[in-house]
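In the part that follows, the structures are each spelled out as structure tokens.
Shared chain: chain A. Partners: chain B in the first complex, chain C in the second.
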Partner chain A sequence: MTLRLEGISKYVEGEMHIDRVDMACEPGQATVLLGLTQAGKTTLMRLMAGLDRPSSGRILMDDRDVTRVPVRKRKVAMVYQQFINYPSLSIYDNIASPLKLARISKVEIDRRVRAEAERMQIGHLLDRLPAELSGGQQQRTAMARALVRDAQLLLLDEPLINLDYKLREQLREDLQQIFRERDTVIVYATTEPLEALTLGGSTAVMHEGRLVQHGPTPEVYHRPASVAVSQVFSDPPMNLFAGELDNGELSLGAEARFKAPTHLRDLPSGRYRFGVRPGQMHLDNRDQARMALTGEVEVAEIAGSETYIHVRHGEAAWVVQVEGVHAFGLGDPITVYIDPDRLFAFDSAGRLVAAPASARPDAT
Partner chain B sequence: MTRNQDPRSAAAPDSTLGTAIRARVPNAVLMLYILFLLLPLYWLLKMSLQPNSEIVGAFTLYPATVTFDNYIKIFTDSSWYTGYLNSIYYVGLNTIISLLVALPAAYAFSRYRFMGDKHLFFWLLTNRMAPPAVFLLPFFQLYQSVGLFDTHLAVALAHTLFNVPLAVWILEGFMSGVPKEMDETAYLDGYSWPRFFVKIFLPLISAGVGVTAFFCFMFSWVELLLARTLTSTDAKPIAATMTRTVSASGMDWGLLAAAGVLTLIPGALVIWFVRNHIAKGFALGRV
Partner chain C sequence: MEKTYYPKAWLMVLPVVAIVSFSAIVPLMTVINYSVQDIFGPENRYFVGMEWFREILGDPEIRGAFQRQFLFSFAVLAIEIPLGIAIALCMPRKGPWVSVVLILLALPLLVPWNVVGTIWQMFARPDIGLLGIGINGLGIDYNFTGNSIDAWVTVLAMDVWHWTSLAVLLCYAGLQAIPDAYYQAARIDGASRWAVFRYIELPKMRGVLMIAILLRFMDSFKIFAEPFVLTGGGPGDSTTFLSQYLTTMAVGQFDLGPAAAFSIIYFLVILLVSYVFYQVINNLGKGVS
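Coming up: the complex of A and B.
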């Protein structure tokens, strides 16, 4: 079973929501739709499910055109970010309802419902009503109902977003396991780069209604095709600097000059935009091999064992993510250091021209 | 002497008295209010249990001789009790028709966008702004010519004109409270629309259906003008029957009062059954 989208566009009242998306999703791995809110992830999923019709383009399942096939005949399961269950049915009947409609024998239904509920850790709650469960359990019920049937296509639209941090982590681990066992096409929409990285498979980055990059997740992470991807697939977003390459010399702004690192050496001289992930900016200059940039502290957020320092430098604003707790006052001068080896370079049109080679092996 | 030396013990009785009065005053006001509300009801009940001679005689606060003759007359005289049966029949019919028509309409208004939907929705409500009497003549003439005159269906249909807009309005509020994703999940699970509507959707808005049924019932039950004009004998409502108590021998006060008490009962029963739904409905929906 393969899902293929060919030139899918969606316009609503003349306004573009999805623009010419071509995409193929393979079974056996999760395809993560990554994008900011309003990027068109949900719209694209609704088109995949058949809940909405595309304005143009075709949707193929195993080379069969299903663009005009109604939802009921498509074998699609979907989990929404809201917890959608049938409030008047017990948890058991909720999970069993797609199977009952598929006219499966009572014994078989019972076996599958109990097995799925057990796996989702809601086996002891089968007699309750959805309103009597916690948010996490309600979402587990919704997932169990989606997983219990033999759907050809499983769509999860930010299923963990309304859950608290602990539950989210735990469910994410469960999902990894479930995705590995399944031979269906799974599409998982999220705004969080971390979810894309942990769920693995392939990542499709959406930006303003367009599919901007699709490939194996590590590949997309380490070689973001454009500035837009680098912003979406990094949390906090990648810091950008205007800079210049001039005969093997790299300059960022007016102050920082350095010998161009190996991966940038072959680029022609000229103006570029350089990007560096917040975690790759430092407060110390180890081995004197880093470029120094100065700025003012706007705010320092302390998040557990890490500190996010928001730095303003003229027009530019950066986020520096450092280990440990560091206290800064508003407006304090600060010097931050960048490893030139870790710089991404984008051309004037925002396309990636060079990525740090050393970044490839580690996957953080 | 000792009391005066301790200011706290002197002040204490005063302040507890103060709180007691402050607590009692609202209660007293409430009691008075309820008393005034109940007085006409009590008077009706009192009259229904008295013989006519006593009613028109001296002023009494309670019946000196309790008699059930008035009630016995109503339950044994077919010209009386058929009035109740007729009323219940067309009111029930009206409630059912109104709900059956309003449920799909409200669903369409809450789930689909179509041309002029907002205007149509408002226009439905404006129907409710016209006094029923305006439609008296057209209904009368129309029903005469199509042979609906003096049938239960005639009254039920006439009342539907006023109840359906209100029913659509109330139900739409409840239906819009159910997320659209619920419908979609059901379709994805393989439910057909009718099955989804009956099995999943209706239980979700049962409070709304209860509230709507209540409003339809009450409007139809208390509406007199249309009901009396559109019927003569076969479908004559109880309210019309009650106007017959004036006879050559004068007004039959006791009988009229007993009929009045019995007319209150169905409304009270309906309110009793839907009281929880109504409270929920006021909080959630559009009532």
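Coming up: the complex of A and C.
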């Protein structure tokens, strides 16, 4: 089973929601739809499911055109942000509900419901009502309902977003396992780069209704095709600097000048936008091999064992992610250091022209 | 933990105690006091024990009024709640028509009780009222001042007109609170319209339906002004409901002792029935298979 979208657009009252999306999703691996809120992830999933019809374009399942096939004839299962279960039915009946509608024998239903519940670790809760369960267990129920049927297409729309940190981590691990076992097309929408990196066989980055990049997850991560992708697929977003290359000399802003690193050396002279991930900015100048930039501290957030320092430099704002807990005062002057080797370069149209050497796909 | 005692705390709760005493406890105690005495005048009263309660419970007229009252309240619930759900399901969920429909529905709720009675008295008159002339014009002999069944049906229709909107508004609010994802999930499951109603909308409306049922039961059980203005309790005593009976007894005949006993029984019945409703609805949908 392959799901193929061909030139899918969706307009609502003249307003563009999805613009000419072409993509193919293969079974046996998760396709992660990564994008900010309002990027069109949910709209695209609704179109994939058949809940809405596209304004133009075709949807193919195994080369069969299903654009006009209603959702109930498509063998689709979906899991939502909210924990959606039938409130007056027991957990058992909830999981069994799609099978009952499919007219399967009672014995078979019983076997499959119990097996699925066991796998989702809610086997001991089958007699309860959804409202009597914790959020994590309710979402497990909803997932069991989606997984119990032989869906050809499994859609998960930010299923972990309403769960607390610990439960999220645990369910993410379970999902990795489940995705590997299934021969189903799985599409998983999220705003979090970390989820794409842990789950995704392939990642499709959405931005303002368009599909801006789709490929194997490590490749998309290491070679973001545009500034937009670099912002979405980095948490906190990638820091950007206006800069220039002039005959083998790299300058960032007015102050920092350096010999251009190897991966930038072949680029023609001119103005570029350079990007660096927050984790690749440092507070120390190891081996004097880093470029120094000064600014002032706007705020320093301490998150666990890391500190996110928000730095303002004139018009620009950066986030520096450093190990350990550091205290800073508001407005303190700060010097941050960047390895020129770690710079991404984008041209004036925002397209990637060079990525750090170690980040080439063959090096992953 | 060490327990601290603040002597001044008493002062803080005193205003509430005083207000609750005057608004609830004192009047209730007065009624209980009256209900066990035979009162001829302020200085002329005798303790009679449970005599009035026995008399009230044994009075066939009062029993008749209780039966009428129960029949009326259950008829009100049986019509207004399903009708309210049905109208709420038909209402638009969004768009400019929402506010139009909401205002139209809220209008009857804004009309005072006795005005509703007056409106219907004219509306249903067989000689000049639109409804009365209309029904008679269909060849049905209708006269709510002469025929007890006609009077009864008219009072019921009036209550449905006046209060169904409340049930509609509550159900509508309950329906609006259901996230769209539930309907999507049902579509993906291939559930029918009936299944969506039975397994999503109805369970999700349980809370508001409980409020609607309790409010409509309590209010209809205490109905007074509308039938009083419309029919005056007649013809005969066919539309004399409990509160009208009680008012006649207490204010009309000045039988304070029996009226007090009546009030207490009346109050306890409402309390008991409301409690039963609450328990039944609360346990519905729980422990099913």
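To be clear about the criterion, the second predicted complex is superposed on the first by the 358 of 364 C-alpha atoms of A that agree within 3 Å, B and C clash if a C-alpha of one lies under 4 Å from a C-alpha of the other, contacts with A are read in each partner's own complex, and residues count from 1 in each chain.
The rule is simple: contacts are C-beta pairs under 8 Å (C-beta built on N, C-alpha and C of every residue); 3 or more make two chains touch, one makes a residue touch a chain.
Treat the numbers as computed from the prediction; the structure is a model and nothing was measured.
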Problem set entry | Partners on chain A (chain B, chain C) - clash or fit | clash
Exercise. Regarding the shared-chain residue A:L129, is it in contact with chain B (first), chain C (second), both, or neither?
Worked result: second
Exercise. Who does A:S97 touch here: chain B (first), chain C (second), both, or neither?
Worked result: both
Exercise. Which holds for A:S88: it touches chain B only (first), chain C only (second), both, or neither?
Worked result: both
Seminar exercise, completed: The clashing stretch of chain B against chain C, among 1-9, 37-45 or 73-81, is 37-45
Exercise. On chain A, what residues does chain B touch that chain C touches as well?
Worked result: 49, 51, 71-72, 76-78, 80, 82, 84, 86-89, 97-98, 101-102
Exercise. Can you list the residues on chain A that touch chain C in the complex?
Worked result: 46, 49, 51, 71-72, 76-78, 80-82, 84, 86-90, 93, 97-98, 101-102, 129
Problem set entry | Parts of chain B lying in touch with chain A, wherever the complex brings them together | 179, 181-182, 184-192, 200, 203-204
Exercise. Which positions of chain A touch chain B when the two form their complex?
Worked result: 49, 51, 71-72, 76-78, 80, 82, 84, 86-89, 97-98, 101-102, 142, 145, 149
Seminar exercise, completed: Within their complex, chain C touches chain A through residues 179, 181-182, 184-185, 187-191, 199-200, 202-204, 285-286, 288-289
